[in-house]
Amino acid sequence: MRGVVIHAPKDLRVEEIPAAPLGPRDVRVRIQAGGICGSDLHYYHDGGFGAVRIREPMVLGHEIAGTIDEVGAEIRRLTPGIRVAVNPSRPCDVCQFCREGLHQHCLDMRFFGSAMRFPHVQGAFRQSLIVNETQAIPMPTTLTTAEAAMAEPLAVCLHAVRQAGPLLGKSVLVTGCGPIGSLIVLSARYAGAADIVATDVTPFPLEIAERVGASSTINVAKDSAKLASHAQGKGTFHVLFEASGNEAALRSALDVVRPGGVVVQVGIGGDMKLPISVIVAKEIELRGSFRFDEEFEMAVELMGKGLINVKPVLTDTLSFERAVEAFELASDRSRAMKVQLSF
Amino acid sequence: MRGVVIHAPKDLRVEEIPAAPLGPRDVRVRIQAGGICGSDLHYYHDGGFGAVRIREPMVLGHEIAGTIDEVGAEIRRLTPGIRVAVNPSRPCDVCQFCREGLHQHCLDMRFFGSAMRFPHVQGAFRQSLIVNETQAIPMPTTLTTAEAAMAEPLAVCLHAVRQAGPLLGKSVLVTGCGPIGSLIVLSARYAGAADIVATDVTPFPLEIAERVGASSTINVAKDSAKLASHAQGKGTFHVLFEASGNEAALRSALDVVRPGGVVVQVGIGGDMKLPISVIVAKEIELRGSFRFDEEFEMAVELMGKGLINVKPVLTDTLSFERAVEAFELASDRSRAMKVQLSF
Amino acid sequence: MRGVVIHAPKDLRVEEIPAAPLGPRDVRVRIQAGGICGSDLHYYHDGGFGAVRIREPMVLGHEIAGTIDEVGAEIRRLTPGIRVAVNPSRPCDVCQFCREGLHQHCLDMRFFGSAMRFPHVQGAFRQSLIVNETQAIPMPTTLTTAEAAMAEPLAVCLHAVRQAGPLLGKSVLVTGCGPIGSLIVLSARYAGAADIVATDVTPFPLEIAERVGASSTINVAKDSAKLASHAQGKGTFHVLFEASGNEAALRSALDVVRPGGVVVQVGIGGDMKLPISVIVAKEIELRGSFRFDEEFEMAVELMGKGLINVKPVLTDTLSFERAVEAFELASDRSRAMKVQLSF
Amino acid sequence: MRGVVIHAPKDLRVEEIPAAPLGPRDVRVRIQAGGICGSDLHYYHDGGFGAVRIREPMVLGHEIAGTIDEVGAEIRRLTPGIRVAVNPSRPCDVCQFCREGLHQHCLDMRFFGSAMRFPHVQGAFRQSLIVNETQAIPMPTTLTTAEAAMAEPLAVCLHAVRQAGPLLGKSVLVTGCGPIGSLIVLSARYAGAADIVATDVTPFPLEIAERVGASSTINVAKDSAKLASHAQGKGTFHVLFEASGNEAALRSALDVVRPGGVVVQVGIGGDMKLPISVIVAKEIELRGSFRFDEEFEMAVELMGKGLINVKPVLTDTLSFERAVEAFELASDRSRAMKVQLSF
């Protein structure tokens, strides 16, 4: 079997990788679609992010869907031929945080294609993947495999929206309209926001944001005054989703969030210098949002029922054999949004 | 009448000030006790804080209590001789935020002894003060005037504790044990925390913190490893109250807050460089806490019923004629906690 | 001027009524559309509901919209010719609950066409109405006056949805699909529910419920087993909106609400015999929902932006001169949903 | 080994019972103290409650503490001689609700001395008991075994208080002052309430309530007007804990709960006829509270640290051989509060 392996920054290879054995509660999934995530790009360009670094060759990828080829001996509810979205997250289910229902904070999490642990958890950009049955979520026939492979980033965004509390009738700002920012626009629109303003520094992502539900967009590289106009009366946005991981984006957005407003930080940057006196004086709530938990199945359900349509965000598909080209394309925010590999 | 007037950094004078007229819904209060607040010290040492600067001579002071001398023509429920804690906060009651019940975010707030507006709102370190009847809160006979003058800082801390949500059975960290940090320890203890760890960089405040309810204290200048030991399993504190306004205190505390934990930022510093990736990955909620609203009356009630005892925090009282000496003493954290002026 | 006046049960007259004077902060609105509410029907059929009874002739009506004819001397932001939705609710703004932002619980509320106070607050089914400027909400040109007159019942339903907390991805049951139930379906759909099951005892309201977003409907008069099938695993609905005011509806619904689920009670019945042991053992939260506050402006905004479309709920319009006929029609749930009067 | 076995209403026998085998992750606990709970009394007097009925002889008891005699082969952290409070609750850890962290709603719960399942889960009033290691909570040396056996009812009450949200500075009403009502008074006092009014129909429980922190008490059998005086301005209590399971108690209390107030229903009665229009018009939140989850360990911790003192509630201790006498005593609210058996 072949897979997409990162060896070092800019050294991404499509090569033979070993197959894993099928356990009694596992299924073997023939992967058909795999989306390139921002963290995949960090591994590709920089060898990691923050304290997380590649220390051995690692198969990338965790946004995947495919068809079950074989099921373990003890499995009854799944059979070969069933199409599934694959949940890349496998919490331990027994640690303190799992017991409290906070599986995303599991002390022994296994997440496909992540260098947080060592040895790394190998990823899912491969022709065939062994997953625990709990990670294989059957998808409705209404969905394409490409859409099902969007369940993971959509789950991240549904989780972020849930971190914000109810959005019904609220005024929302989204800073940074890459795939995550765009899917947040889509999710916030579905969750009942009255007004969604999206910002970015290039035109292409803002066009996508409008297509998925932004009420208006601002190119802050050109027109920062337009954002500043929302600062009247101590600020007007009830909720800010910060999806750029950029200090300047967060700083300027804090000025337009109203007192008591909520900031959901989704973008992971390094250190950021923040105006604490603004956060204190306006009693802003800054909440981190990390991965997802039950939102993965929610994502499959909402897409499957036709309630959320992610297609405008999925701009390009290339064969996995052209992975390097695909990673370069995914890095070019002026012309690509979500890029998927086909297998 | 004489008052305590700041003219410039380090230029604090006790001098004659004009009396104001008594309106029909005002009362005139003979001030008897006035506590020196951290913001008073900022005006004294630095001429202000953040963007707030003295631009004209201003009477300082907003933690006061005294006795009503005269009541306006339309007032029925108050009479001369009644002892009152004075709420220094006077929101407009008609702006958007007042209408929503968020009076601390009033767009037209008048707060005694604050240079946020220009002309400044003159303060309350004076022999006699005119206040609106809504600001004069009768105090039980069980309270001394000195205690009643603690209602304001206690209200700030009760508000901070309410920002944290329920504390029953929780593990709490308080960083910085000046008057605000110490009163937070006291309030968190009253609110049912199971465990309260307090930190500071000098021994005196930590002694006070223990007296008002800290389970244990850490001098982080000497023993930072002791704090770091709480980082096990991604961190153990449910709630952090950051009362130092110090970047290093907040940064090191973030490592010992558990996933999903709440940080209530009370100390107002300038910009702080924060590890956003930690906030995101642990889904920490960082909430500003600013002043108070209905907590002022709550503070008077809880002290009056003997449920909260602030006396250990009140370490020194000097005549207002010795204001400069009192401000210098209040600035010395190695031997003074809350310093009050008597009038 | 003529208006629609209830004198006694079944004694509804269209007759001459006196005009009120225009105060300096009032506007005079030429009423163009007025919806008949369930409470109007209670006055018509029974002379009131619960402890609320007509004790003098009272103009009915509080769901209205029209055009400003004249503005008071001190008003600047409104001018004659502006089309407005009229908010029938006028809280005192100074009582304890108003100060806390809970205006719907005002201790001195004035609400058009309500017999709660005596003398009653006369209602708005009249050719011309004097309202305080704060009650006249300009409507976008995209809206018809008939739609604007739906702002009040829509506000009731947006408020009910907000009482439920976030609905994103949740499973929702709505019992009772009159105008309120149907508008709750519409609002819950807009707020991001994954699944909405609506019940009633006649087919016509269920057809409307489907048109405004119900995933499925159940005629519980014919097919109660279908609802009971949702009781598996202690119940499956996250949220129940009870809009029938019927004891049997609430009792049977409690069996299909999951542990920790929320019941928002909107329908006002009299006493109901409830299975407390079920509420305790499943830790169900039963919350009342009463009128609305800021949701009135939210309703105008969401309709005006085309985000919520109430037209399917508005089934009939008759001239106010045919009020009796209109009230009879509005009482017939087999063929009418919201019935409006035109003026 | 001997145990306390219910055979039928009023047929309680102390008799020989079989010992269970020790599994590899179990411990054998020599029981030393066992409190009689209200549900034990229901089995004794009525053979059960609601739909729950004894269908075979069942050992009663679930409020117990003792000393470990033997540990299973795989256990490392516990050793013989360790004194433990025994958590009677054993959720399955794998069902939907356990996964969400709502273990008290486990679909396959095993709870000592409960006839909810058949065969019944035999109880803990016995000389020796086998429990899973997760159920044996070591207790500090500061605690007596009798206090440790109070961990279970205290956990129920801490859970109820947590259901209410933050109590800091709030006005609280507790209706019904048996052991649960009294421990709620104690817990609400610890959680920072400003004012706690307790009601009952006999003097003895009210005396205990005062000793554990009630600000005032009302004998509603004699002086119902005193409670009604709290109805001013739509009601004054922020939170009601209903611990009597009595319809009249709940109905009269609803009149004195303020708009937006919270009612935590802890007492399990049968059907109750409730004034839904009051719940709706005041937007009261009625929440069930059922058993506990992590509050069991919290109870041991808070008692062990001397933060909560349950001794005033524990009025009587009899040898388990005198179980019938003890059950009769526990049923007499005029002279006994919590009655424990010693083994």
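Letters A, B, C and D name the chains as they come in the text, with residue numbers starting at 1 for each one.
Heads up, the rule we're going with is that a residue touches a chain if its C-beta (ideal position, glycine included) is under 8 Å from a C-beta of that chain, and two chains touch if they have at least 3 such contacts.
Predicted, not measured: the structure shown is a model, and the values here were computed from it.
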- Task: Using the touch definition from the top, list the chains contacting both chain B and chain C.
- Result: A, D
- Query: If you walk from chain to touching chain, how few steps can bring you from chain A to chain C?
  - Reply: 1
- Message: Roughly how far is chain C from chain D, centre to centre by C-alpha average, rounded to an integer in Å?
- Response: 42
- Task: Can you check how far apart chain B and chain D are, centre to centre, with Cα atoms defining each centre and the answer in Å?
- Result: 40
- Task: Provide the list of chain B residues touching at least two other chains, using ranges where the numbers run on.
- Result: 102
- Message: Under the stated contact criterion, what part of chain A meets chain D in this complex?
- Response: 93-94, 99-103, 294
- Task: Using the touch definition up top, name the residues of chain A that touch chain C in the complex.
- Result: 158, 161-162, 165-169, 187, 190-192, 194-195, 215, 295, 298, 301-302, 305, 307
- Item | Footprint of chain A on chain B - complex, ascending | 49-50, 95-97, 102, 104-105, 107, 163, 233-234, 245, 259-260, 265-277, 279-290
